[in-house]
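Okay, so subunit A shows up in both of these, paired with subunit B first and subunit C after.
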Partner chain A sequence: MASNDHYVIAGNGPAGNAALNTLRKNDPESRITIISDESVGFYSKPRLCSYISGRIEEDELFIHEDLSFDNTRLRLGQHIQSIDPDQKIIFLSHMEKINYTKLIIASGSKPSPSPYMTQFMPYLKSITDFHEAKTHKQCIHDAQQFLVLGGDLVGFKFIDMLISMGKAATLILYPQAFWPFVLDSDMVDRITASLEPKGIRIMVNDRIQSIQDADGGYQVATLNHARNEIEEHYCDQVFAFSGMTPNIDFACKKGFDIDHGILVNEYLRTRFQDVYACGSCAQIFNPILKVYQTTIGWTNAETQGEIAALNLLGANQVTRLAPQKYFDLEGVKIKTSWWDDTDENPNPDGDF
Partner chain B sequence: MKSSTQFKQDHSSASSPYFSDDVRDFSQVEKSIPCQEACPAKTNVPGYIRDIYEEKYGRAYEINRACNILPGVLGRICSRPCEEACRHGNDNNGDSVAICYLKRSCADLKSPMHRIIEGLYTPTGKKVAVIGSGPAGLAVAHELAVMGHKVTIYESEEKPGGMLMYGIPEFRLPRNLLLSEIENILRLGIDLHTSTMIGKDINLEDLHDIYDAIVAAIGCMKPRTLEVAGEGLENVYNGLDFMKMVNAGQTPYVGEKTVVIGAGFTAVDCARSAVRLGASQVDIHMRKTVELMRIDAHEKVEAQYEHIGLHGLMQPNRIIGENGRVTGIEFLRTRLEQTDRSPYRVSVPIENSEFVIPADTIIAALGQTPDKEVIFNRAQQSLTMEGYFSAGDFVSGSSDVIHAIADGKRCAQEVDHYLTGIVRKKKMVRIEPCSTTDRDRSFDFISRTAMDTIGLSERKAQLTAEVESGFNTEQAYEESKRCYLCNLRYEIDPQRCIYCSACIDVMPKDCIKMVKGIVFEDSGAYQSYETSQYWNQATAISIDNSKCIRCGKCLEVCPMDCISVHKTELVEVDLASESFE
Partner chain C sequence: MNTFDIVIEICGSAGEGTISAGEILARFMSSQGYEIMSFDSYPAEIRGFGKCVAHTRVNLNPIYSPGKYADVLIALNDKHAISQLGFLKPDGILIYDNQPASFHEEDQSVAGMAEPGVTLYGIPLTQLAHEAAGNSRGRNMVSLGAMACLMEIPKDDFVTAIQNRYASKKQIIIDNNIDSFVLGYNWTGENIKKIDEYSFKGTEPAPPEDKLIINGNQSVARAAIDSNISFYAGYPITPATKIMEIMGKELPKTGGIMLQTEDEISAIGAVIGAGFGGKRAMTATSGPGFSLMTEFTGLAVMSEIPAVIVNSMRGGPCTGLPTKTEQSDFNIAVAGGHGDAPRIVLAPVDTTDCYEATALAFYLAEKYQTLVVLLLDFFLSNSIRNIDVPKPINPSFLSANIAPEPDQLNGYQRYRITGSGISPRTIPGTPDGMYFSTGLEHDENGRPAYDSDTHEKMTRKRFVKHGNALDEAPDVVISGDDGDLDIGVISWGSSAGAAREAVDAARAEGIKAASFSSIMISPFPEEKLKVFADRCNTLLVPELNFTGQFADFIINFLQRPVVKLNFVTGLPMASEDILEKMRELR
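And now, the complex of A and B:
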């Protein structure tokens, strides 16, 4: 095994860390750099709401990986601006260049705010990473009345958290926030039937007209197009969860094949030599169904991270489908991989 | 005329505007104003956005109209290459300026008493026939009429506008607005004959007897077909025919499930029209990837909002039907492969990857090609005959409206030269000293202003209801602040600079550099700086105008007042004029 390799992993989530552990185990002499745009180490994003509500302590959120190896360098708080796969160079936004011999892209997904909401961004909070969770924790405890916009998978965990904390909330549900999966009217009815008895008011597709500061909180005007009615809401906090999209801006227009995510074959190889992608940033070719699939979820990410690392080291393993393929959204089953024609028995115990 | 060097020397310390044909000035404008460079019509984007900031909407409209004769139309349906190039959208700079929305603003917000400005030349006595009244034909006709030629347009359809009238849905482009801007063109004395097909109602030979020149601007009206079995089944449409029916007020059958094949604007227009015609599920399928769709991000968002699915990497294999009607479509999965023309990628089908999607309606929106038989078969003429010219998509193949308008203007100048033997105009760079940028750093942190739209229920309730509401004056003002004003050129005078580095200390971007040399292109234009991190190697401190965001901080701190600001503007000047001013 070559010992002068420099492996770079772009992303410090479950896929990136599974790849890191596999590389260390199988090529202990190599140099490994893991790059994260967050300023903290590896932690469990699915447990952020538990941390906010106080069910777990901050320390319990973190997954304490052993970083004492001399050959491993963790680069936190560093944003990848672009990749030159031909020259094998990563450009960081602070103008540093990192050369690699082999690269695994495991950058996960990022919020995909609706363009209609961009003008209200200064008023909208979200919970997409630890920094936001820590920043907003106290204000969530202090607030009583919430307005929640969008309601993607993370948003529904947030709603569950508010219910468990005894908070009052109005959810303006945008069925297309789950894109490429759109909730149909039957699903919306079932979600509404599940949440309203728990004290959550549901509005569907109402649009924000204005948000203004008012008495320490916010005065929000929403428009219901069907009834052509404007409604005024007072709330202490406004949170927006409008879907996720692969976090791959740095790869766009750099020659990578991209559909929704970075296209990789069943061995998780991109079109460029020595560059692999895995987790929710990748769209993986399924050789049985002959289709490129996007996957989400911790289990999928870990499995793919391990396989990407093994293949980078010379193996030729085909990606396994993780057993978990459904997420339970208030009684509605949401697949963790789309464009998938197989239909397994829905498992309600999601791993988000 | 003075040489470029003389111009430069004469005006280096000028306090009044001057003109330059120095290749370095052209190069600087090209590199420093990416929005203008990306626009096929070379619209002075920072110029009109500045006028919107000053609430001079009519003036902003005329700046647009100088380059493109349909500002209100393009402000709604332009493919927006300028926004893709806008430096506000670069890494760590935020989102690009909403240039297209602002273009629409100057059309919407100008006074009802606004007067169109036309710099008319004296009549030449020459007559020109323009075949086709789409964007290219209208641009040719307008430009030739301005130059003093008598122009007659022949249009085979009942109404003028070509693809604008028949290809683009009314919910994106209101017809009263389109007709109003066409009327502004025709008012120059242009005759319009509609419902007149060349080769059928009038022969090309007859036109040659009447006119001194003929311009074919008949666009691309021959639809590409799927070339798969089942294409003749009922409820299989091509995209252009489907849109023509919709725009004629007909209601083509769409059923419950509509499948659109294509990756361009027409595909999205067909899909969005199908939603309004009552299809409950509409999906767009394409051979390549969603990322490679030939539409802007804005159109993708609107399609998503209307619950239209976008699915890449599949190509039609056959259309399935029962009793002569469509029931489904079989696709093959595809993958991308390298071509000889890197970085272009081609899609290739994957063997044994067939799958079927049920569908009531199939719309093949694969684009169009020029239908040259329309004119040439009957007259047995060739493309190279004397006095014959062509413009727009008919020449280039299917493109977009702004390219067609730009090409129309190019063609008109060619025709004018053929008819008169003279070159009327020359491109130059107008350079005007500015005492202040009047641009606050806080403007850089303003979020892009979203466009208000009507809701989904209203869109479905009325097929033709315009989706976008346009900016009001406050929104236009706020958005106009975001423009970096890349037409302002910042320069450090090396004779006066004391290398104090105060400007470098305050720069928010990596835009001021210690330079040890400059690399020149063969043309003499600046290519790039040779920078250095060491003071002992630096021969000058220089501002990289392609990175500068015109915050003015360097100007504020310079103790020697050695930083100058000039407004640069690409202009066309009359060669016959004694003075350019």
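And now, the complex of A and C:
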């Protein structure tokens, strides 16, 4: 007999798909809907730079999940406008209502452009999703000289890619762009020491003063506040990676407890019955440290997606740390979840 | 060859301006030098809430079929557009109204029902229409503006097309439509990030030529006027009514008469009467009307009077599917009615053919003194093409009656047996040219005669005459590979274009193939088909009827099996479906 439940998963990334697989396995009769802003299927964001550089083909980016179940519906390119957790209704921006019985929010994070960069947006490119990667792939191959702003984890992947492609780059590093943590001066020094021998020039916290078209590329003026010096740069392309923020606009003003992300307990449950959140859009209560903390990284997302789904089905599992919980940022090991008191050896192959 | 091929569909409810928007789009594309084929489907109800679809295919090269799947779907009505999503390509574009008056319930929104892979562009169509013109009537123009912006089509040229479309209207109507278009264009440019790869940019169509934008019905009507028709009688019926409307407007200008009769039997009776009087006359109908006319068609055959009937086929039987296309009147056109009644049947394959076949129909009817049936269908009647301006009609086609020589009027025999089967005919009023005209079997003088000898002789005469008309048949069209073929596709009427495109696609995949079609259906160029069939390993006959009426017709003389491919979906033949079958058969 078919279940009357309609599970909705907001997000089609690693957390959402782990939740889907868990629900599918444990409640095969239920109806499941996945909603994603992006118009393409589940793919590996960490591999976008490999796709751009040509190390892998487009098809290798995509993770072909089995969606052949009659009762599983993938809604791509559909944006959640708001959620009414009391009525259990999701409002989509194209003006459609979806009723759910249980909801998992796994909407991940989105770029968080620095306000001061706003005026330069027409000149700035970024790689935040597949579409941008596909759009910019050719121009990256064609260009030789890059100016990279911000940094963040995706930005460092991008720098690595440029190095592997033999491109020249200047990185203007903004330590605060590394949500959910801030690079301290020691980390910055170690990153600089790692990248400069590879031909990457590092500038820290310099601000863009102007960007102008010049000879098919761009003339960029930057200001170093400490030295009060303006420097002129010529580059073929300017890319900006100014950090990420939880993708939860739809949850604001609807009664969810929100700090930076959606607040959930250690069981990944929000304050609403039957609504869970996981992955980088959630802030998870650490019962030991008594604080809400955010995790990033593919493995963390997958683990939490599975736990959220199991708890939604009636289990009572406490969120555990992912085995890989360190991100290797140019030799600097950064925890991607950090509330337990264990101190495992950092895994240099960490993901994000 | 520069290739560019795009199909754009606008789907809305009757009264939402869907068809108008499609027409503007088609005319604009033609004005830019593109080849177009446009086809509208609409509900049988005159006005209401039925589904309308304006389908336009745009190409740099000649096109022969409308294309089954759309690249772009503009949804003016969510409910109707949901049912059209199955015809949107998996990587197509959906333009929809993202700010309707209220939220849709689950699965009632077209955007929500779009398959993964479809690119969604939500545009506040209603809101922008209100902003532009104070009401929602301009949603169609807003959506065209959005589409034009997304497809990177220059705005100003499109505005001119809108202006031309509404030139005869009040200025405020012109302004409202243009304002709605421009607002849709600008809003989209400012607010929508294009993430698809469809674009008209850089397609470089040939410089626009002097093209005629015309549908099958208009083409038939124009050819009839150019063929010096002086009388039209008819009773309105979809999809042939447009011919009658044009005749009503145009015939009086040339001194002709359009008569709306009380029914189709009366109409064909009047046409035969006019033919008897020496006037070129025509009627146009569809299946239900043609059924009625078969009461009378035998008279034209028996008394050897010229008459032209256009039968634009629609889904049947009975009232059937008035606004859907079908090719299911083949049998009744070729053999409908009682008795051995040979008639000439012509089935044009496209809009240009409609013109030429109509001119030929009048010529043949007059010369062979018989009934000529011109078989169109809903799709052919209504699909709009931009065609080269037709060549002037061959002057010999304009006056084809074989009149008796003066010495033949001495003891004039109206139905004299001749080698060709054609007996010189006098027009009533010709001195010494009087004769009996009757639906009864008759002798050479026209006097009723029931003896077996006369009946056999006169029947043979009528069939000899019919057979000789084959000499006047337009060339059959064979397109594809020479030599031995894996598959030969034999088609007729409006399906021939799709067959031709399918063959081209199949050849590109390594299948040795060719298509065969003949405008003249009865008498049929059997020998030419036999020669073609001998080259083919497999014969495929696609047509829009359930049983394969044409396939059965040719099996009779080919004496070999054919593979039938039949659809009764109410939709035009799709080259994609023929190609799929060819892949199966290879």
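Of note:
The rule is short, and it goes like this: the second predicted complex is superposed on the first by the 340 of 352 C-alpha atoms of A that agree within 3 Å, B and C clash if a C-alpha of one lies under 4 Å from a C-alpha of the other, contacts with A are read in each partner's own complex, and residues count from 1 in each chain.
FYI, contacts are C-beta pairs under 8 Å (C-beta built on N, C-alpha and C of every residue); 3 or more make two chains touch, one makes a residue touch a chain.
Predicted model only: the values in this text are computed from it and were never measured.
Applying the stated contact rule after C-alpha superposition, one finds that A:93 touches each of subunit B and subunit C.
In the superposed pair of complexes, A:318 makes contact with neither subunit B nor subunit C. In the superposed model, A:77 makes contact with subunit C only, not with subunit B.
After overlaying the two complexes on the shared chain, residue contacts for A:259 are found with subunit B alone; subunit C is out of touch. Of the two partner chains, subunit B is the only one touched by A:121; subunit C is not. In the overlay built on the shared chain, the residue A:188 is in contact with neither subunit B nor subunit C.
By the touch criterion stated above, A:39 is placed in contact with subunit C alone, subunit B being left untouched. Within the superposed three-chain arrangement, the count of touched residues of subunit A is higher for B, of the candidates subunit B and subunit C. Look at A:203: by the touch rule set out above, it reaches neither subunit B nor subunit C. Overlaid on A, the two complexes show subunit B and subunit C touching the same residues of subunit A, namely 93, 95. Residues of subunit B that touch subunit A in their complex: 91-92, 95, 289-291, 298, 301, 304-305, 307, 309-313, 333, 335-336, 338, 343, 345, 350, 352-353, 355, 447-450, 453-458, 510. By the touch rule above, subunit A contacts subunit C in their complex via residues 39-41, 74-78, 91-99, 131, 135.
Subunit A meets subunit B in the complex at residues 81-82, 93, 95, 114-119, 121-122, 175-176, 179-180, 182, 205, 207, 223, 225-226, 252, 255, 257-260, 263, 271, 285, 290-292, 339, 341.
The touching residues of subunit C, counted against subunit A in their complex, run 96, 98-100, 102-109, 111-112, 114, 116-120, 122, 195.
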